[in-house]
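Following this line, the structures themselves.
Across the two complexes that follow, subunit A remains constant while its partner is subunit B and subsequently subunit C.
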Partner chain A sequence: MFGRNLSSFWAATALAACALTSGRAALAAETKSFVVSWFLQAANSYDGDCPDGINPLPEDMFRIELRSIGLPDNQIEEIVGGVNGGDATPEVEDTLVNRGRHNGKPMNAYTYPETVPDVGFHEVKGKYAYGFNLDGKETATNYEDPDTHEKGVDNQYWRALGCNINHRGTRTERPAEWSLHWELNRNSMPAWLISVTADDFTKDGDVTVNLYKALERVSRDANGYVRADSTFRIDPDPRWQNTLHGKIKDGAISITQPHEVHLSGDPYMLTDLDMTKAQARLKINADDGTIEGVLGGYIPWRRVLFIYGSSGWNSETMLGTDIPGAYHALKRHADAYPDPKTGMNTAISTAFRIVGIPAYVVRMDAKAE
Partner chain B sequence: MKIIKKRFRSTTSLIAGLIACGAAAVATGPSAVDAATEAVAQESNGVVIRRLSQEQYETIIADVFGPGMKIGGRFEPVPREEGLLAVGAARVGLTTAGFEQYDAIARTIAAQVVDPTHRKVLIPCKPAAANGPDDACAKQFLASAGRLLYRRPLTDREINLQVKAANQGATALKDFYAGIESSLALMLVAPQFLYRQERMEADPDNAGQMRLNGYAKASRLSFLFWNTAPDPQLLSAAESGELHTAKGLTAQVERLMASPRMEAGVRAFFTDMLGFDKFGTLAKDGSIYPKFTTHVSEDAQEQTLRTITNLLLVNRGDYRDLFTTRKTFLTPLLASVYGVPLLQNKPNGYPESWHAQEYPAGDPRAGILTHISFVSLHSHPGRTSPTIRGKAMREMIMCQRVPDPPGNVNFTVVQDTTNPLYKTARERLTAHATEAMCTGCHKITDPLGLSLENFDSAGSYRTKENGAALDTSGTLNAATFKDAAGLGQAMHDSPAVSQCLVRRLSTFALGRQTAPTESDWVKALNDGFAADKYRLPDLMKRIATSPEFFRVKARPGA
Partner chain C sequence: MQNIGRTALIGVAALALTAVGSPARAAGSNKIEAVLATPPGITLQALAGGGGGRNEGLSEKDQKKKPVWLAESDVPFFPAAQTRSGGRGTAYADAEGRTLYTYDKDTKVAESNCVDDCAKAWPPALVPAGVKPSGLWSAIKRPDGSKQWAYKDKPLYTYAKDKGVGTRAGDGAAGGTWHYAKFEPTAGIELPYGIALAESLTANGYVLADANRMTIYAADASAVRGKPACALSSCYDRWSPVSAAQLANPIGDFTLISRDDGSKQWAYKGKALYTFSGDEIPGDSNGIGADKKYQIAMVVSYFIPREASMRDDIARGPLVATAEGMTLYRRDTSFHQSNGHGLPKSTPGNQSVGRAMGTKSCDATCLKTWHPFLASASAQPSGYWDIYVRPDGSRQWAYKGFALYSYAGDKRPGDKTGNDIYDVLVADSADHNVYEQGPVNNPTMAAMFWSYVEP
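Let's look at the complex of A and B:
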């Protein structure tokens, strides 16, 4: 009667113009719905995974980059000494923001990161990383998933930036960069929804996973977390409605038919999540009704860069990712969809940890409209 | 009574002293002293002097000076007596700190009234010169505002003192409006404003007897129906003597009842009866009940009040149906706590709006006892309490007295929710109640409270506690039930519930508990309530139009 399995009463009266996804898909089917509470890079840091070391913090990166553009050490120290944790004078900030060089002229390092020499981010060389074998191959640049032990895991985004201190994390210890972005922006971005439909969640069989963009934003509870059991409408725009098919086995849901996923996010984070060959594995926690898992696929690497570049100076000095460095690393490790003209890969393999909490999800009923 | 009188005397002395010492050098002490003395002199048998509640104060200020007045601060709490703050309000004095709060608020209001924006609208005349006194203009404003604030015309002596205060202020500060401001501030801390004083007069129809004067009657009516001071029309009815006639009284009662403002009176009564003042200090453990926020707390009260006014006023329904109704109102926030879907259907950022809801037949949520406003208010921060819930039902809803537990009770078994031997509250209470000294009271409270165990301390629905299935069966007198819906039906059918409403409402109206000599009146009200199919407005009308509502005794020796 309660929870997300709804009586026909509610469908008929309380939400007259909408159709509830919960329990409404088919007589025999059961649907469980969630609102995404966390969406983060699927970090899997452990001792030794970055044998070349963790990438230096911004001040040291600035030194390297300023040195590479020919500034003398005493001037470099004067500039870097003024960074002061991001609370720099306008002059210092201006100098560092415009540390790119083109024909000897200063260039904005965030708008034109290619004008800053590559500092050469250390890459993640460990054996294990979350994700999926997206291309069906096993190569030297692939990982093994630590949970499923699937080989040939493609996750070059992790390789590119996983040795930055603010990307370090595990399943239970959220990486700082993504945590902060998600925490700050989910208040203003439309909620993302997950609806999982199966004939019987207690038995093995087919499963459908729908990923939606909501019209509503999330609300917070007393602890600042996303409030459970809220009601969301699915954005009727078909661009943000994604249906993935898979199997449920022993309670574990896995997508067996890779598909595109498109979700609209926040301009300061992921303007759009455009993922191709998306795969996912999810599990519903019987104790608290939450869902958690990994979503992986290819996304345009420049879209990833925008996560960092959009907040430029603040992102660098507060979160610690050297943006030109990220640009070079992402470009270097991009591994799919080569540009027909340049031959350069335009997409990078990724894996994200996705967590959802119970919610009511309703679809605007076309007939009622 | 002696104690009360003594306390009141000291309060009024305090007011006088404070005003004389610090309120304003230009202000006249005698005004307040006179007012205080006069107030004390009015105290008499059958006459109740009640301090305005904060809501009443704020409403009056809004009525008199407009809703734009900013009123900061928080008034001193009032003790709950006879189950109501309305009775406690007749038994409180004022501390120094409390008076300082009133004084600060009064000054804030007075300053707003005379500011260049408001003076144009609120002060009906222009002074001959803005930099000095103008007694005629001051009198025009102060007499008009004073009539509404004091709920009666000011006496000549009172108005002269107020005008004198305004004159002195204007002269000293070379500003007419500063004078008005200081005089108005004095009026706003006067006992005549802060306390609902009731004056008697000789009853011309009954030689040797006293009666409430028309203005006192007007106040009783207005505060009962609208929870605010009488409007000009009611004051005129008081002045003309209309309220002393049955026809005139009935006409005014019907006018008050026909107004949308009656909802304010009904809300005030149920807010008091249901103890919603306790929400001010209600806290929940966020780690256990993350959905429970201060907004939930506010919405929960509003949900119940909307349910009540919709059933009792809009639909003129049976009071007893409050305990069984499946109709209510929800915000998306409340819906998330209850675990039901609810669409706002508005753009992001809009304030959450209210939506009419109806739980389906068979749903365990029925009646206001299953509302968050009841189950959360009568629970511990981290767990439910069937005992507290049962006690609240007995005392609030059924007007029965449940003794407090003895001081040496060992609550360890009840409080330990982690004991694997006693997973549910029922099991813990059963173990606890084996102590002889506890059994008696728990027999009264627990069979009621345990039937609400489907609702946790925040009001969310559950079927298990610590993995164990909940047994929500209960009993009330001869009635047995299996869940909260059954409890609601049993409450609906219990004569004690409707009788309690009559008792509470009459007490609320009078500001005191009814006396044994008034038992016939109470019985007649109960009979009438039943004859009226338990419709609250009809009961209010019966109270307001009955002679007992206004009856006072002659002062001994009078």
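Let's look at the complex of A and C:
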């Protein structure tokens, strides 16, 4: 499949290289392209942000849930003791998978998370969290961005799960859950691309940010990092081509016109990014040419839940997120797009940290960026 | 370069196959006659436990587990544990997907030795009315006057105790005298040294390949006798003769041509063989349509309905489409099925799961945007293509077990905007009967994905 278009591919690559090397002289606008090397929940953990405590580890979550459905302690310990890092016996697995109860009858905890008593995830109550003021309001459930100090930041996904130990992290210390998902799957999922176009990156002015899904996957260099300066073809499917408009000021790029962003990913990481009212701020690092920033907006919370649910039992025992607990927390903190029938919010505000390294990006029609 | 923007509709060879199952020869083409993998009424089904390399099935243990049904859309959901692949191969089956068998005691050509009680346990596979056997497939007359399928002169039967598609409970029965009819499309084909058979998804069948596994093409008569079809070197360079050793001998359908430069070239069924310089890796078939004098050297053709085609998508390779080129889709519980989700090549759906879902994978709401791909009243299933009867009596094509749909959001041939659309199936209330049955040991969350169909 790749090979069949190799000739056109290299022709396009050559065009891309020409465009990138001679673009300044030949074109009015300049485009810099990147492949996303990291995409994570924008964690901002610090002492005191979870005043009610950090949520228990999975074994303790199981104990709480199994106790609440009436199992005796000796049986609970037998079950929890048999978890063994996701390699449990079928009987133990069956008990934990079906730890929901309805009229005394066992229910699948992943399909019927409502039947598992809410363990009540502690929420992030600190002042600071990354993100954007998506709804233009400042309320008690909003944060202040630690970098921009924008107030009214909506990031309920962080509030819901940020007190889980595997979600804890900072800009420089990546949260374990998302790091593992991303690290394990970015080799196989289609690469995500960023192209930034401005008249002059050294001056303030308008900027266009394109987010694409590639046909290729990332490759690694000898150190295991995502290889820089690789060439990627943009998936011609228009659903995965996003154009956002903003401003560049003192080298900082801000999306000033919130827009939808749709990218297809991987079910074990993020099945797809289906974001509305997306905003972003990005900065190109003059030293190494990388780009880094924050992308925020609303995403359907059930699809967030599926990040954990798609791995089900393994995700719980090996990565440490209690899925029924996540269901209750995400549902509780969802803050946008109420269902017209039920009134239940269907989306949750969030912010992701996005990092890209230089790449060549070409269209299938050989139009280079 | 010749393929930029190409959206080739492939499958013309199969158009001639739908009616009578005759060897592939599209009108107006000089295509080599290829053996049809199965005639109308004979299908190909992955055996339980996986198989066929590209076909998964349920293990025998998992076969015993019943699917649970998602009441919301009336969709059966197989726990992930039940969908692991095994690798048991592919069997010839009848139109309903029942595995076919041969009987060692059928020792006379075109005569069945299984009658009366034997025939009750082993019902003969009957030739549908109006279907004309051909090639290796013949019809034998049974004592009651009915016509029974025979393959390579061996009468074919189903087994009354087989439970469901993909099972082969009769294999080895009666002291090992019964054997399931294994799909071995290339068995018995004699090949010269340096030429192999390769499955081509684009060409929809088995083609000849050279020692480097590069696709081989056959030239029409004007290119034979050492005269390339075009005299210019630029053209000559595009088509390289498949050389034979000086001491090579003809074998089977392969003969030798002496070229003007003294070298020898292989020919298949009388047509000189070439490779195409535009093919860059094994499996490429970019020479299709590049020059009408050269056709891909098909040996075995898969059936494709006249309503369908294989569309060569520039980004994805061959995809199953309508004859007009509109993308066709299937709905499955597996998320490992599309390029967009994780894998460079999609994981094929579990044929048994597709069969179990039948036409139920799309409820009334769903049908507003997903349109069943219907078969004509006279159409017969064959090969990997099944026909499911919908509740309204209409007949819907299914490919490799999964009912096919087109998507209302696709406006032009080549659009694939339905791909990757999915629904996470999580109930907000215990009273919301997602599963018709009780608890199930499904270790992950359920979701249903739409995906385009790769052959």
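Assume the second predicted complex is superposed on the first by the 339 of 369 C-alpha atoms of A that agree within 3 Å, B and C clash if a C-alpha of one lies under 4 Å from a C-alpha of the other, contacts with A are read in each partner's own complex, and residues count from 1 in each chain.
Note that in this section a residue touches a chain if its C-beta (ideal position, glycine included) is under 8 Å from a C-beta of that chain, and two chains touch if they have at least 3 such contacts.
Since we're looking at a predicted model, the values are computed, not measured.
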| item | value |
| --- | --- |
| More subunit A residues in contact [subunit B versus subunit C] | C |
| Touching partner for A:362 - first (subunit B), second (subunit C), both, neither | first |
| Touched partner set for A:39, first subunit B, second subunit C, both or neither | neither |
| First (subunit B), second (subunit C), both or neither touched by A:298 | neither |
| Contacts of A:121 with subunit B and subunit C, given as first, second, both or neither | neither |
| Partner chain in contact with A:97 - subunit B first, subunit C second, else both or neither | second |
| A:272 touches, of subunit B and subunit C: first, second, both or neither? | second |
| Touched partner set for A:222, first subunit B, second subunit C, both or neither | first |
| Common ground on subunit A, meaning residues reached by subunit C in one complex and by subunit B in the other | 1-3, 6-7, 215, 217, 233 |
| Of all residues in subunit A, those that touch subunit B in their complex | 1-3, 6-7, 9-10, 13-15, 18, 20, 22, 215-217, 219, 221-223, 225, 227-231, 233, 360, 362 |
| Of subunit C, residues touching subunit A in the complex | 1, 3-5, 80, 278, 280-281, 283-284, 286, 314-317, 335-336, 339-345, 416-417, 419-420, 422, 424-430, 434-435, 438-447 |
| Residues on subunit B engaged by subunit A in the complex (per definition of touch) | 284, 286-287, 289-293, 332-333, 335-337, 339-345, 348, 355, 357-360, 362-364, 461 |
| Contact footprint of subunit C on subunit A as seen in their complex | 1-8, 11, 90, 93-94, 97-98, 100, 102-103, 105-108, 110-115, 185, 188-190, 213, 215, 217, 233, 235-239, 264-268, 271-272, 302-303, 305-306, 308-314, 323, 327, 331, 342, 344, 364-366 |
